[in-house]
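My questions will all concern the structure given below.
As written, the chain order gives the labels A, B, C and D, with residue 1 at the start of each chain.
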Amino acid sequence: MKRSLILFAFLFLSGIIFAQKRKEIIFPDIQGYKILKCDFHIHTVFSDGNVWPTIRVEEAWREGLDAIAITDHIEYLPHKKDIIADHNRSFEIALPAGENRDILVIHGSEITRSMPPGHSNALFLKNSNLLDTAKYIDAFKAAKAQNAFIFWNHPAWSRQQPDTTLWWKEHTELYEAGLMQGIEVVNEHEYSPEAHKWAIEKKLTMLGNSDIHNPIQMDYDFSMGEHRPMTLVLAKEKTIEGIREALLNRRTIVYHNHLLIGDNAYLKELFEKSVKIEKVSRNNKSIRVTIYNSSSVPFEIRKVKGNDPNLEFFRELKIEAGGYTSFTVYEKEPTKNTSFNLQLEVQNLLVAPGKGMPYKLAIQVK
Amino acid sequence: MKRSLILFAFLFLSGIIFAQKRKEIIFPDIQGYKILKCDFHIHTVFSDGNVWPTIRVEEAWREGLDAIAITDHIEYLPHKKDIIADHNRSFEIALPAGENRDILVIHGSEITRSMPPGHSNALFLKNSNLLDTAKYIDAFKAAKAQNAFIFWNHPAWSRQQPDTTLWWKEHTELYEAGLMQGIEVVNEHEYSPEAHKWAIEKKLTMLGNSDIHNPIQMDYDFSMGEHRPMTLVLAKEKTIEGIREALLNRRTIVYHNHLLIGDNAYLKELFEKSVKIEKVSRNNKSIRVTIYNSSSVPFEIRKVKGNDPNLEFFRELKIEAGGYTSFTVYEKEPTKNTSFNLQLEVQNLLVAPGKGMPYKLAIQVK
Amino acid sequence: MKRSLILFAFLFLSGIIFAQKRKEIIFPDIQGYKILKCDFHIHTVFSDGNVWPTIRVEEAWREGLDAIAITDHIEYLPHKKDIIADHNRSFEIALPAGENRDILVIHGSEITRSMPPGHSNALFLKNSNLLDTAKYIDAFKAAKAQNAFIFWNHPAWSRQQPDTTLWWKEHTELYEAGLMQGIEVVNEHEYSPEAHKWAIEKKLTMLGNSDIHNPIQMDYDFSMGEHRPMTLVLAKEKTIEGIREALLNRRTIVYHNHLLIGDNAYLKELFEKSVKIEKVSRNNKSIRVTIYNSSSVPFEIRKVKGNDPNLEFFRELKIEAGGYTSFTVYEKEPTKNTSFNLQLEVQNLLVAPGKGMPYKLAIQVK
Amino acid sequence: MKRSLILFAFLFLSGIIFAQKRKEIIFPDIQGYKILKCDFHIHTVFSDGNVWPTIRVEEAWREGLDAIAITDHIEYLPHKKDIIADHNRSFEIALPAGENRDILVIHGSEITRSMPPGHSNALFLKNSNLLDTAKYIDAFKAAKAQNAFIFWNHPAWSRQQPDTTLWWKEHTELYEAGLMQGIEVVNEHEYSPEAHKWAIEKKLTMLGNSDIHNPIQMDYDFSMGEHRPMTLVLAKEKTIEGIREALLNRRTIVYHNHLLIGDNAYLKELFEKSVKIEKVSRNNKSIRVTIYNSSSVPFEIRKVKGNDPNLEFFRELKIEAGGYTSFTVYEKEPTKNTSFNLQLEVQNLLVAPGKGMPYKLAIQVK
């Protein structure tokens, strides 16, 4: 038998891939809400983006998103010599593609003004064309008249705020008029501590969005574990209305690199439902602990003050995503204790600028 | 607020990984049996391998295996100047590590002789030392006396069979005496069509094993989708006895690169339980079909003779693993038919050398 | 000192990447010609593609290409409701982006007709609008009148040639009229042995092109080592005219997966200039040989008939790209010979359908 | 022609890889010295490591290292029931493998004591057995008598320094007696700011080592861009003596994740020789700058105080490794200036704990 004749046609196929693979992002439900993965800031060729609107849906599907907003600029249309279309068109094209992939597509627009007040996104529009006004305030009002949710984009963008991230009086005016309901704490690759602080102080909804213009893989290397920034929305249901209700009620967490940014209560429940102590075994003076983290995000914990001085354990530890992590607690003086508390901070769960989530980990020896 | 002070200790952790992540390999149950992923040919520093036995367990766990056999050479011990230990020792060291990881560790040895009969593995031994005999036949008998399962290793190894893969009279003798119950159809990176043919003709159990000597990632690049060859065992239960019973009854499939090699009945059920038609929609003359493949292996299908000449569809198609694949069937003359049969061959399900599994795919338009 | 305060701003940067990284593809010069890496079949939003023309340049630059042709369809314009532009426009937009990246951009169009004669690309056009004719033959003549180079696209496309790849009388007419100068031996993921055969018999220039519509990374996973198919052009210089001259004189090699397809003379020189025997050492009866392959393509060699029966060596061997590969030749009977010839076939250098390049590897023991 | 018969034997080869690929790490020469990539802390099965010594050489070669020290524990030998060998043996086995791969192998040992003084490595030994003493001070003296270079390992190891990284009086004694010449600023995954500070204050040689026990790829995921920590040695020549001379004269840089840690003078020259301004073009009020970074390390720069208030540019920027990075400087008020200075900090070039390297980037418009 000639081996040469055996596997024949195989090679022809090696590249014939119509791969349609979705990478699911795993988070537990929180307070009975589902966590929807959303990106509310996206461009297409219909403003200054570089892809056709349907591509945005396909990208979102592959990356495990549940919803996207198409938010082309109203005022900045560099392709208008070639592309004739009104401000609703990119949404209209993306919508049926979204239905096919079960991706919610939100009708949005980016109100694109110089600073102040800079750029803002309006979501849940009915007619984007009405936002094409001379004065910026009229665009905000036109959005509000359509019952839009409006948020301030990239407050720390160095082109508009070269050295310092400032809150201008115009922002106070918008905010007080109900024309600024949220703020991008993360835009593209950048986290803004000022935006984070303002969101907490002024009770603005926190958002993290990609502001993507290129094909997504031109800016993010998935093979290196990178992902676009997302707004995690704690929604009653996976619908446009479900997302709107959650945004209005500030039920969001921003997911950026390995960071989760949000309210302590949400982050605490997310952590506790993700992390399970699988196994605790005592061996004389040492206690071996194995943890399973079912979520898609690793947790980075460190020892803080207030621990039992008889216990020796790690200074810092990374709890692997989707896997097991083990560590050992040593007793300086042996005891027969069967329960221990470790005082920790989860550094990548950010409850305020510079402040990781405090956590007391309780361990029971069986 | 100074952004510089915010995320502080973060970087320190970026590499502090005690990652313990298992990559699960997904296959459906077949005929009521579980599919156990096994590697029955593994070396350690106790013969001519290069890692400590416990490493073999950790590697197996990370790669999603259920069972391994430690099969150090009886006759070839290049490290014996430094390592003093009997032939049972590498198994003894691996065993508790396996218990800790829930990996079954099988006590084996490699009877390592010149051709004929070449090398053979004996599994399920009690005392490997008894295989250290002058004549090869006595080693086989000593294994058999311990109720071992014995198979011929790498029959196509070019060092022992330089140009042609031959079956020697010594193999007939072993086979007839019940001292050869299986054969490696795949060893390391090599598939042998001759071994495949003999396995079918002589009703030998088919095996595919790594014969690994180095740290596994020195020889396989997991980031490129490579995996070690495995023997998939259709077992009643995940126990040593469950594996032995399945091997004696020839319930195995060899998993090598993208190939699954085995009996038509097993492969057909594996395919049918892995692949589900998710959606069929007719649009005038074209029918769009979306398939979901829940297994870890892509399927490479091609059109064969005997199809309805009114139907136009792909010549070849790859059904993505763990994902969706879509294709379109066109009617030359429009009909109102609601059911179609596509005559296919699944090229990477190998039922004989050079022969992919024939399959009729039935499609219903809802 | 508090470790927490030390590395501060670091994390903020972890994702701020404006990465502009080109992956060079390494081949030696052949017969004094440079090897230019080209893709002569590319779509944009201006026909049925999904990206803005400038993206095609950026993709090409990152992937190590030297030249691309923008070849939007003349007859198929599904975006024309939104995009108003003539047939030259996508080229005009891509051109300055190419100058910025030192990527040659060729003005092309795809003449898009039903079979026969199917689709053809015309390169080096001056005015694509003149190809928008009622009869296909007039489009070919309009291209020829502009001194275009014309080739038949994807002759094996199952939508136009459902079961068998046929050469129609219309192709003979085009060929004889000088209106078909080349043929795609590879289109997208598919190699066509028929096209390969015809290219050899009829002295057509062989081409391998991507026919890309999506963002390139939606269809190719670079992290798994995939690359788009390319036409390697053996050019006197990196200019549009240099490429045209080479295409007219059939100086191309098709690069697809790990395959290089072309004339024996080109492939032989490419192999010999890429592969260098680094080290040969004799140790009694065995000769250890280490090879360095400086090219970006691995070579897959196998032993063929006609070898010295006293020599034992591999049946098959992969010579790693950009790295070292070692193997051993054993003498059955020891000699003092200092030179050996191994009769081989380089299987992935395809000199005809089904035929790898024969090669005699001469080894000198120093 | 049947396509099925064409590429035949191809698949058999797809996995037959004896890959021997070295990943070169690129740094410029500094002050006329070559930069040797070294790891001076490595274990094998001969103490508590898990691989055979030859594997350490193969790993080092593949990762682009120039030199390794085998430093098995003197006092901790958990495999001694099975492995009988003196303390020199693992070095003796690694040495010829190193010669074959052109990797320098340094004879070392780890003096393994409780804190104080904890663990120390001695390099350039002649006979490790003489370090097997009752009192720790005698081991240090025995090393010194062999003209060894001695450094303190992992001063921040939480098992020996649970909460705080302390310098004990025993360290002062060793230091003053010339028995501590260097210190690990990085061990395994951990950077110690205290060790960094002490190295600067006390003029100790800075080291960064892996302390690897497992197969290297079990602890580092190369596909994610991870690398083991290394000591970059600025040596006159690639010899054992060249390394010793450089260590004695404190010519090292520690390479850990994306960090380079060392003296300002070395880091400044490394930065300037790695980064080249490729292109500067003025377009009215904006200046576009393109930089090429020829090294293997990205540089993370940020704007600091003292910049011309008329210039607007990035707050932070990552200069890609082995690639091009572009940014734009805007003038608020247009000038005709042809030269600009940007006041920056290179954050990942660490000249002291918490202190990136200051740098003035001068830009000339041509």
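Methods note: a residue touches a chain if its C-beta (ideal position, glycine included) is under 8 Å from a C-beta of that chain, and two chains touch if they have at least 3 such contacts.
What you see is a predicted model; the values in this text were computed from it and never measured.
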Both-way neighbours, i.e. chains that touch chain D and touch chain C: A, B
Selected pair, greater C-beta contact count between B-C and B-D: B-D
Rotation in the CA alignment of chain A with chain B, degrees, nearest 5: 180
Rounded Å distance, chain B centre to chain D centre (Cα mean): 39
Inter-chain centre distance, chain B versus chain C - centres from mean C-alpha coordinates, in Å: 34
Shared interface positions of chain A, touching two or more other chains: 3, 5-12, 16-17, 19, 223
In the complex, chain D residues that touch chain A: 3-12, 156, 158-159, 162-163, 223-225, 303, 312-315, 330
Interface residues, chain D side, partner chain B - complex: 11-12, 14-17, 19, 45-46, 49-52, 54-55, 58-59, 62, 79, 82-85, 89, 93, 189-191, 214-219, 221-223, 226, 256-257, 259
Sites on chain D touched by chain C in the complex: 1, 3, 5-10, 12-13, 16-22, 193-194, 197, 223, 300, 302, 316-318, 320, 322-327, 347-348, 353-354
